[in-house]
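Below: one structure in structure tokens.
Which chain is which? They are A, B, C and D, in the order written, and residues in each are numbered from 1.
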Amino acid sequence: MSEHIKPVSRYTTGARINHWITAVSLILLALSGMALFHPSLYFLTGLFGGGEFTRVIHPWIGVVLAISFLGLFFRFFTLNLWNRDDTVWMKNLGAVINNKEEGLPEVGKYNAGQKLVFWGQSILIFALLCSGVVLWDTYFATYTTIDQKRLSAVIHALCAIGVILIWIVHVYAAIWVKGTIRAMTQGSVTGGWAWKHHRKWFRQEVGKP
Amino acid sequence: MAVTRRQFMKVSAAGLAASSVGALGFIGAGEGLAAGVRPFRLEKATETRNTCPYCAVACGVLVYSATDGSKDAKPKLIHVEGDSDNPINRGTLCPRGAASLGFAHSPNRLQYPMHRKPGTNKFERVTWDFAMERIAKLAKEDRDKNFVTKNRDGVTVNRWLTTGFFAGSSCSNEAGYLTYKAIRSTGILALEDQARI
Amino acid sequence: MSVLQALDLRRRSASSVPPPAAGKPAAVAVAKLIDVSKCIGCKACQAACLEWNQLDQPIGYTDGTYDNPTDLTTASWTVMRFTEYEHGDDLEWLIRKDGCMHCDDPGCLKACPAPGAIVQYTNGIVDFVSENCIGCGYCLKGCPFNIPRISQTTSKAYKCTLCSDRVVVGQAPACAKACPTQAIYFGTKDDMIAHAGKRIVDLKSRGYQNAGLYNPQGVGGTHVMYVLQHADKPSLYAGLPDNPHISPLVGIWKGVMKPLSLAAIAFAGAFGFLHYITKGPNTVSEHDEAKADELAAGKDRA
Amino acid sequence: MTNSWNDIKNADVVLIMGGNAAEAHPCGFKWVTEAKANNGAKLIVVDPRFTRSAAVSDLYAPIRPGTDIAFLSGVMRYLLGNGKIHQEYVKAFTNASYIVREGFKFEDGLFAGYDASKKSYADRSTWDYEFDDQGMAKVDDTLQHPRCAINLLKAHVARYTPEMVERICGTPKDKFLKVCELMATTANGERSMTSLYALGWTQHTTGAQNIRSMAMIQLLLGNMGIPGGGVNALRGHSNVQGITDFALLSTSTPGYLVLPTEKETTFADYMKSRAFKPIRPGQTSFWQNYRKFFVSQQKSLFGAAATKDNDWAYDYLPKFDTAYDVLKMVDMMAGGQMNGLFCQGLNILMAAPNKAKVQAGLAKLKWMVIIDPLETETAHFWENHGEFHNADPKAIQTEVFQLPTTAYAEDEGSFTNSSRVIQWHWKAVDGPGESRSDIQIIADLHSRLRALYTKEGGAFPDPIVNTTWAYAKPAHPEPVELLKEINGYALEDLPNPADPTKVMLKAGQLLPGFAVMRDDGKTSGACWIYTGVYTEAGNMAMRRDASDPTGLGIHPNWGYSWPANRRLLYNRASADPAGKAWSERKKYITWNGSRWVGGDVPDYAPTMAPDKSVGPFIMNQEGTARLFARGAMPDGPFPEHYEPMDAYIANPLHPKVTTNPAVRVFAADAKSFGTPDKFPIVATSYRLAEHFHYWTKNVHDNAVLQPEMFVEMGERLAKAKGIQNGDWVEVSSQRGMIKAKASVSKRFRPIMVDGKPCDVIGLPIHFGFIGLTRKSYPLNTLTPPVGDASVNTPEYKAFLVDVKKTTPPASSPAVA
């Protein structure tokens, strides 16, 4: 390997910590939530010290996630605003999936898929937060009716599944697109990665003093 | 003497009328439940026949008592329920009778003789001997001072009007009779029970 | 003690239950019949329930009605609900003993995520098993009658057990035993339906043309049934549901959603795996790195 | 109760009026539901409010509190006017045909013989029959004589037209007539009606006459002595029947014998007026044995000290000048005429009317002894409980003792229930702390007094030191010993009356029945009606054979029913004069040609043939029941409607005599009564199903079921006063003021009285300033200190108040 330019900084330390708090809480929430959602997965409550602790801890992790995600949201939401190139990107999604990104418009810090992940999770987590509070009987039992709680249970479950599916996409994408994971572990990516996947952003980055 | 239900069934050899409306008894329903979630809590209790302490329907009740089994432990009431053999209530109870265990265990049950001195603001615990001696003395003083042997017309009346006695209507016949005997012999006329009030 | 004999169970929450053992006779279905037309609202059933189950309901205040406590609580598994029903010049005081209906198709059990926290015995009784309860409150959402209550202190759900401990030794539930007017009957479900039939004939003879049995089929029938003077209007009786059923939302939540969700997740995982093995990873080539160097250098040059 | 709890199931019509059986006696009410479910019975409820009994009734009729006599007299008018009486029964078993003395009259609200200065009927001589030279009452079997009791009754009730009933009682005419029609369906031997009442009838200034009215209706309908019939007092405390039987009363001795008055200076005088004298040929009575009962009782009380020579210790008994009932006692206390008071399980501060007067009276006592299992308001009367009970302990010089007693399953003994059935109960556990049984406490007190009088002498020690006390442990007599003493023994060998050479009972043996009692001092027996309860065969109160061979709910071998184990009183009347059952449905006791047979014990000797014409009502000299009461009641031989002392309106029948003219009003209470201009609302008090008297406010679960005092009112009144459900309201009467939470209900509707709406409110009696329930003002702050003319039962059921919205009591949380 020849020497290349020094890695391009993609995430600050703060952003990475923020991300991983979010990631861990989301995984814990998914595990605990799935444990209470499907009897076949009830064994997962063992990870949390049993069913009762799972029930107690799940909403609190949710609070952590909500706050943490709020941090991510404010960090990144301007970068995730939709533009015309994103629409073109989306129209060529098939090409992307087939590892043929060439010929697509240059991508900024986030491509359209990432933006969809961002907005999807934002909306779903907000919905989970709201429906979760309705279901949090320890503190909020008296504020809503049983029917509202029933609706919330369905919404909560649906949104959770949505979040998990998006999360799978998100994680897979990181695995599939080699060189991605280091962005969130070390904070930087190689120049080639940046040039290949986020050229517009790369141009801005190299232009910086 | 605590006569348990079973013993009595033998003694009285009662041809119990066919149906007991109070306990629509049926057997077998719980058969499949031999090891239920909840243990039946009267297993080791002693069953004693009683009548409800409250109203004059006089429902039959079964009181259940138990000890912790240790030496010198006194039995405590643990449950009360209707006596299905009693023809009057056939095992049923009203909300007073059904909760009558709480009467026996009420925090407002008196435990010790208490005495309130004139002008003071509290009851103080005293011994039975002190209380009874003092009451007897006060009663005798008042009786000796105010007993009316003859009325204005010189007729023997032998009455004591300055002390009154309100009699409990939830005492047994035996207690009632003994009270009558003890009180009438003093010449008290101001004697009243709960029949009117 | 907490170990249940699976053979005695018909249903167990969040678990599958093997059918009763062969050769063991099936327990006969039991039922409590509450004859509202005979009920005087004396609350003997409430007192007997508190006493037998050793419940410590705190002393409250009066709110100007006869309903005390005003609602079911974790320590009041049954309450009387008084309704003054005026029609024309006539007044009826409808008094309904509220409490668990022991649905044949129990919504609470359906909703419960904790294995064995809610069980249904083969005789129809639906019971809560505290040591398995995690206090999530899903049973409240599953219940079409708004019965279970979660304790603020123990975080467990509580409701009427139909005195399963008494029934198992052949005794009637405490409330039925106490009821002074036999407004509460207990027996096999068949006997209770037959008895209700006689009561309904009597009520019709006294002018209650719409007298009938409340044994709602929306929940598969119940093991606590009512004889109502106005069976055409159950909601007259302090909001007894006219046509109770497990909420369709709960049906979706605890029904189709469970397999579909897992399927979706599995599908997503499988799709990624397949994609990876067919399309391979999206890698950055030496060419890309060079291009990056070029771009950076070009920039430098500029 | 003339009949029994179980017998209610035989009724075809059940009338609940003057009571609320479902609320106060739910387990007794069970037999009403049984009658409805299995006998097709119809339930009528007549009550000022729509009660728990009304909730399961077939017919409900409202009535203004205190107007029951007008209603019932209206029923009598309906029955007599429409020929709806059981003619043959009335002729045979009542005094319908008896000719009343000339001179008897009723005018302008007063019967003959009223003395306005004494406020009583000083001369009741015209309230009687005409007698022939043999001293037998004159009768006219054709009922044609204008002064036949039934004709006088017809004339007396003629004024109570349905319109007048509606005017006085506020009962809509159509409802009233429906009640009449339903009651009239039992005027035959085929069907029967039972009447269930309680304090709703007794606690009026016309209390005894309320019940009399019902008894008269039951006689007209032929429902006395019949299965499913009778006049049934549903009594309150567990042993109020027994305690009354044992005469814990001012002017009685056990077994309804009468304590001597001071006019009866000698035993001979006393017996002169007690001796039974039949006034119909061949009539027998329990009372012909009065002397035997009395002498045997004196032997029980005073043993060897009661001899023929000292007239069986006649002078040991106090002689009364007047009745010292509860109202009189409170009046004496308040007047400073009493020094000492014992309260054995009776919470007088709550139980007597006009709490302010009771409180003042207690404060004037030198000493008071509370014998009770529970804390009571009375024991703490000197304590300050803020606005609920204001007192200044420093100023109160009463010395107070509280003696803890056992209760319930902590002791053994027998109770007599409302239908006279004596049942034994067994001890299960010891009482709490140092509690002692009532028997122990009384025995201790007596022993100490006896020792003091023996040692020191004092005022007339004789009865005290000579009271029999032959118990194995004098300080702790066993209940079994006492029940045997009550039953009575042969004190000497008693010869067999058929063969005097043989001994019927040996000395020391228990008497088998009161028939063997003697007036020569050879038998003892403290309470003749209980004789037979503990015989040589054992303790009958312990019997537990629940069998019911006839299916009529008699259960003859369960416990023991006084008198003579008779379960249904006057059961001779279940058969026609020839001894044949009135109907197969109501067959109970019949004459089989040589004896009376059936499932119960007949009223009199089972071999007394029907042609001897002995009447079933053997407590009366005439053997028949009285439509015309003779001089037995102090306020008239016929019932008459009088307004309660807090009169809501002037009596529409005789405005000059609005209230009962024979009522006793103490001088101190002359200004205690309210008028409708200041207190325009009618109040009534009652019990709740969830509570027993003032006890269960100390029981946790009962406090849960009804935690707090409330006042029930209708929507009209609440709207007029701006009161919402749960608001605090002030209820005031001429006697005082209380605060309570409002319970606004459709079950209280204004009652149209004299064409104008009358608001009625209801107040439960149970709550006080001691207990687990929320602190409350005692209700008797409001009630009037006056009682029934006959027996002085306080008028708790009808009084005048005003109501207004108010603020919560100072020491009560503002938010519920």
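Criterion: contacts are C-beta pairs under 8 Å (C-beta built on N, C-alpha and C of every residue); 3 or more make two chains touch, one makes a residue touch a chain.
Bear in mind that the values here come from a model prediction, so they are computed numbers and not experimental data.
Undergrad: Specify the chain with the shortest distance from its C-alpha centroid to the centroid of every protein C-alpha atom present.
TA: B
Undergrad: Chain A to chain C: how many Å between their CA centres?
TA: Roughly 37 Å separates the two chain centres.
Undergrad: How many angstrom lie between the CA centroids of chain A and chain B, rounded to a whole number?
TA: Each chain reduced to its C-alpha mean, chain A and chain B end up 73 Å apart.
Undergrad: Provide the C-alpha centroid distance between chain A and chain D, rounded to the nearest whole angstrom.
TA: Averaging C-alpha atoms per chain gives centres 83 Å apart.
Undergrad: Distance-wise, how many Å sit between the C-alpha centres of chain B and chain C, to the nearest whole number?
TA: Measuring from centre to centre gives 43 Å for this pair.
Undergrad: Can you list every residue of chain D that touches 2 or more other chains, as numbers and ranges?
TA: 26-27, 30, 34, 689-690, 700-702, 705, 772
Undergrad: Please set out, as single numbers or ranges, the residues of chain C touching at least two other chains.
TA: 42-44, 46-47, 50-51, 180, 182
Undergrad: Touching pairs of chains, all of them, please.
TA: Listed by label, chains in contact pair as A-C, B-C, B-D, C-D.
Undergrad: Using the touch rule from the top, collect the residues of chain C that touch chain D in their complex.
TA: Spelled out, the residues of chain C in touch with chain D are 37-44, 46-47, 50-51, 57-66, 68-69, 76, 84, 86, 91-93, 95, 180-183, 199, 202, 205-206.
Undergrad: For chain C, which residues are in contact with chain A within the complex?
TA: Within the complex, chain C contacts chain A at residues 14-15, 113-115, 132-138, 140-141, 143, 146, 150, 155, 247, 249-250, 252-253, 257-258, 261-262, 264-265, 268-269, 272, 275-276, 279-293, 295-297, 299.
Undergrad: Which residues of chain C touch chain B in the complex?
TA: 1-5, 7-8, 20, 24-28, 30, 42-44, 46-48, 50-52, 119, 121-123, 127, 129, 161, 164-172, 174, 176-180, 182, 185-188, 191
Undergrad: Under the stated contact criterion, what part of chain D meets chain C in this complex?
TA: Listed in rising order, the residues are 22-23, 26-27, 29-30, 33-34, 36-37, 40, 50, 52-56, 58, 60, 689-690, 700-710, 725-727, 741-747, 749, 772-774, 813, 816.
Undergrad: Provide the residue numbers of chain A that touch chain C in the complex, in ascending order.
TA: Touching chain C from chain A are residues 1, 4-5, 35-40, 42, 45, 50-52, 54-56, 97-99, 101, 135, 137-138, 141, 146-147, 149-151, 153-154, 157-158, 161, 164-165, 168-169, 172, 175-179, 190-196, 199, 202-203, 206-207.
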